[in-house]
Amino acid sequence: MASKIYPDAKSALEGLTFDGMTVMAGGFGLCGIPENLIAALRDTGTTGITAISNNAGVDGFGLGALLNTRQIKKMISSYVGENKEFERQYLSGELELEFNPQGTLAERIRAGGAGIPGFYTATGVGTLVAEGKELKEFNGKTYVLETGLVADLSIVKAWKADERGNLIFRKTARNFNPMMATAGKVCVVEVEEIVPVGSLDPDSIHTPGVYVDRLIQGTFEKRIEQRTVRQRAPETAAAGTEN
Amino acid sequence: MASKIYPDAKSALEGLTFDGMTVMAGGFGLCGIPENLIAALRDTGTTGITAISNNAGVDGFGLGALLNTRQIKKMISSYVGENKEFERQYLSGELELEFNPQGTLAERIRAGGAGIPGFYTATGVGTLVAEGKELKEFNGKTYVLETGLVADLSIVKAWKADERGNLIFRKTARNFNPMMATAGKVCVVEVEEIVPVGSLDPDSIHTPGVYVDRLIQGTFEKRIEQRTVRQRAPETAAAGTEN
Amino acid sequence: MPWTRDDLAMRAAKELKDGFYVNLGIGIPTLVANHIPDGMTVTFQSENGMLGMGPFPYDDEVDPDLINAGKQTITELPETAYFSSSDSFAMIRGGHIDLTILGAMEVAENGDIANWMIPGKLVKGMGGAMDLVAGVKKVVVVMEHANKHGESKVLKACTLPLTGTQVVSLIISTLGVFEVKPDGSGLRLIELAPDVTLEEIAAKTEAAYEVAI
Amino acid sequence: MPWTRDDLAMRAAKELKDGFYVNLGIGIPTLVANHIPDGMTVTFQSENGMLGMGPFPYDDEVDPDLINAGKQTITELPETAYFSSSDSFAMIRGGHIDLTILGAMEVAENGDIANWMIPGKLVKGMGGAMDLVAGVKKVVVVMEHANKHGESKVLKACTLPLTGTQVVSLIISTLGVFEVKPDGSGLRLIELAPDVTLEEIAAKTEAAYEVAI
């Protein structure tokens, strides 16, 4: 079996990118984003990208890196605008934007990966989101038809992988990553650690290796968007300094 | 917070059963079935049950126990008939039967728990399964509309639970149990071990406690339907006897 | 004297019940977590994939892999479970969360809510708000009674693009508390903030309402 | 001389490719696992919730929590991952499994397959068969060429209730191998079992086919 492991992000994207492609990128805010693969995608110079990602990064980091270089034509997201360059491109009409409710976005990606071309949800009924979409009643309540999403490429960040591509995510860095791993025609994954087959508990694998085509070990900045802390009560703080 | 832990299966079902109710029961074959709760449900004497379960147990064990007592009016399953009493009741017209493709059944239950009243699938298009159901084209291919399933009660078998109802399943005993935990108006769970809160890895919980209303520690027979083994090569077998 | 931000959070906390699973919106709703009555167990869900959200971390506990839906660093608790965004919204959409407390720009007397966009202004997106109002069992709004121009935010009909229709159960404004009648037939004023008069409410509220104090 | 059960499994094993993820049906298809070419890595999926299925256990390894879709006790491998039934069929329905090898009662020249019910006889159910034929990238059928009454199972059109329409890619019967043309325009006979003649195939096959040997 050909190894799924590539030496770096650049080689892992080789042959997979083309202008006008659709890319899904995992992460929520800057948490759990595929930093290495976003940078490598920027370096390919691929343009006209439709990016499916819950957010759009910040200026120059996350998907913001691809906005600075104007490689993204359209975003499908639930919440954006932590990003001045995004705002400028959007207001000037350079960038298209499709808003999906966050749960609808998550489910559309899950559906795309699961071979479900459409599903009904109450989310967005009676709002702009449902305009032009098919409505249907079930048990007297109205629902809107939403479609499955797939991408030419999904780029995913996990915590650990084994050599066969079984993945484990860490804490809230899981977010959109597992669904996106299922919904890309090709899925490339970056992890903090690649472990030998047999090292992961088979009951605790979040994404089975079948979904993972290529795998790299990355290096991570893990920038924090909103560092919020509390203060230790004086005694506790004193105790803390002893450690 | 009222404890979710009940002393036994009988008390855990108190106030939850009524004639004509719909019950989902986890398991695949006899693997991962809620043995204790099935027996307790039998003892309630509840009749006219619509049972949603991938299989129907064997004679006198699993859901077979409820067939012997004629408490089940209808089964929604993907595969049955390891069970003579089932066969007799079905052929005599005493028992209704609705076959769902296994993946459609699994997805209908997942959808029911996820607030999705309907979804489209290619499974069953052009077959008896799609008769009378709505068809729809997506990207030139035909799909059939299937509906979400919910139940008055779901009975679920997990491996371990913490005191807040976070669940972990073991190996292929997971099967239908996690979806069913989400799709019952009330969900009662039996486990092999209840551990203190904080004992389970938060990244490895299969079913978060929000889905679990009542919890018992059970005792398990774990009957095996098809015991298939291989023989050790002679040397290995000899080595084995030394242990 | 109208309620302060903290008063609003304290009043909203009265909607909590022992054993509830709750999703709190950004802003004032976040403060509700500071007012859980003693002896009551409430579990907070964060829609980015966590049940059992803990307080903000101490400085040396900050973990970039552990944030809430407002992208703030947080901590976990012994009962915490993590899951994916699709599993998180399955939980929300499927009606498994008991209560959500959200801010709003406008609420209408039939329970409509608008809290995500102002036409002509830059729109950041609805995030998870539409899923929350459509899926959670009980939706409580906490907000200023009037906008910056002194106009009522409790309306006969919303003027801004909606987040959801007929979904709000309770409005806690800076001036008082309104129930939205479950049949959608209108509002009932059930509480006043200290020293706020019925006349003041009447003058500052566009929506029709019954007084039931 | 028609192919035996083991010959069929051996021929079907030629459809395996290195790195494939494969779901094997019950019966003859199960035997395919005994014929994986040396040096080739193939991962077996079991639709009850497992990827990376191992061989049958030794007597002292039997675990009631570890069975395959045929309800037989099995073992795990170092690369095994377990998941729920909904995740398992998401994998199948979503086109992530490369190959499934199944038995059949009838196959038609357009790729229709019938393998789950005979009207008038007790029906046990379709299990996962309809999902597999609808979702897996390539569907290979292994079967007797004729039924017990000597009637062709390779037909112009199926007479039994269908499992799926236009889904089969390859038919490996006891007499030979037929490709189903991807455009649905018919069959191509591409191999004969040893000593089986074109005349024998012609006499025993109802479906139309091109000979392409």
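The chains carry the letters A, B, C and D, assigned in the order they are written, with residues numbered from 1 in each.
The rule we apply is simple: a residue touches a chain if its C-beta (ideal position, glycine included) is under 8 Å from a C-beta of that chain, and two chains touch if they have at least 3 such contacts.
Computed from a predicted structure; not experimentally measured.
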Third chains touching both subunit B and subunit A: C, D
Interface with more contacting C-beta pairs, comparing B-D to B-C: B-D
For subunit A paired with subunit C, centre-to-centre distance based on mean C-alpha positions, whole Å: 27
Subunit B-subunit C separation of Cα centroids, rounded to whole Å: 36
Gap in Å, rounded to a whole number, between the CA centres of subunit D and subunit C: 54
Of all residues in subunit A, the ones touching two or more other chains: 107, 110, 114-116, 121-122, 169-171, 174, 202-203
Residues of subunit C touching at least two other chains: 76, 82-83, 89-90, 92-93, 135
Chain contact topology (line, ring, star, complete or other): other
Touching pairs among all chains present in the structure: A-B, A-C, A-D, B-C, B-D
Touch list for subunit B against partner subunit D, complex: 28-32, 54, 77-81, 87, 90-91, 99, 101-104, 106-107, 109-110, 121-129, 159, 169-179, 206, 222-232, 240
Sites on subunit D touched by subunit A in the complex: 18-19, 21, 40-41, 43, 45, 51-52, 76, 78-83, 89-97, 135
Footprint of subunit B on subunit A - complex, ascending: 107, 111, 114-122, 136, 138-139, 141, 143, 147, 168-171, 174, 201-204
Subunit A residues touching subunit D - in the complex, by the definition given at the top: 1-2, 110, 112-116, 162, 164, 166, 182, 197-198, 202-203, 205, 208-211
Of all residues in subunit C, those that touch subunit A in their complex: 46-50, 55-60, 62-74, 76, 82-86, 88-90, 92-93, 112, 117, 122-131, 134-135, 161-165
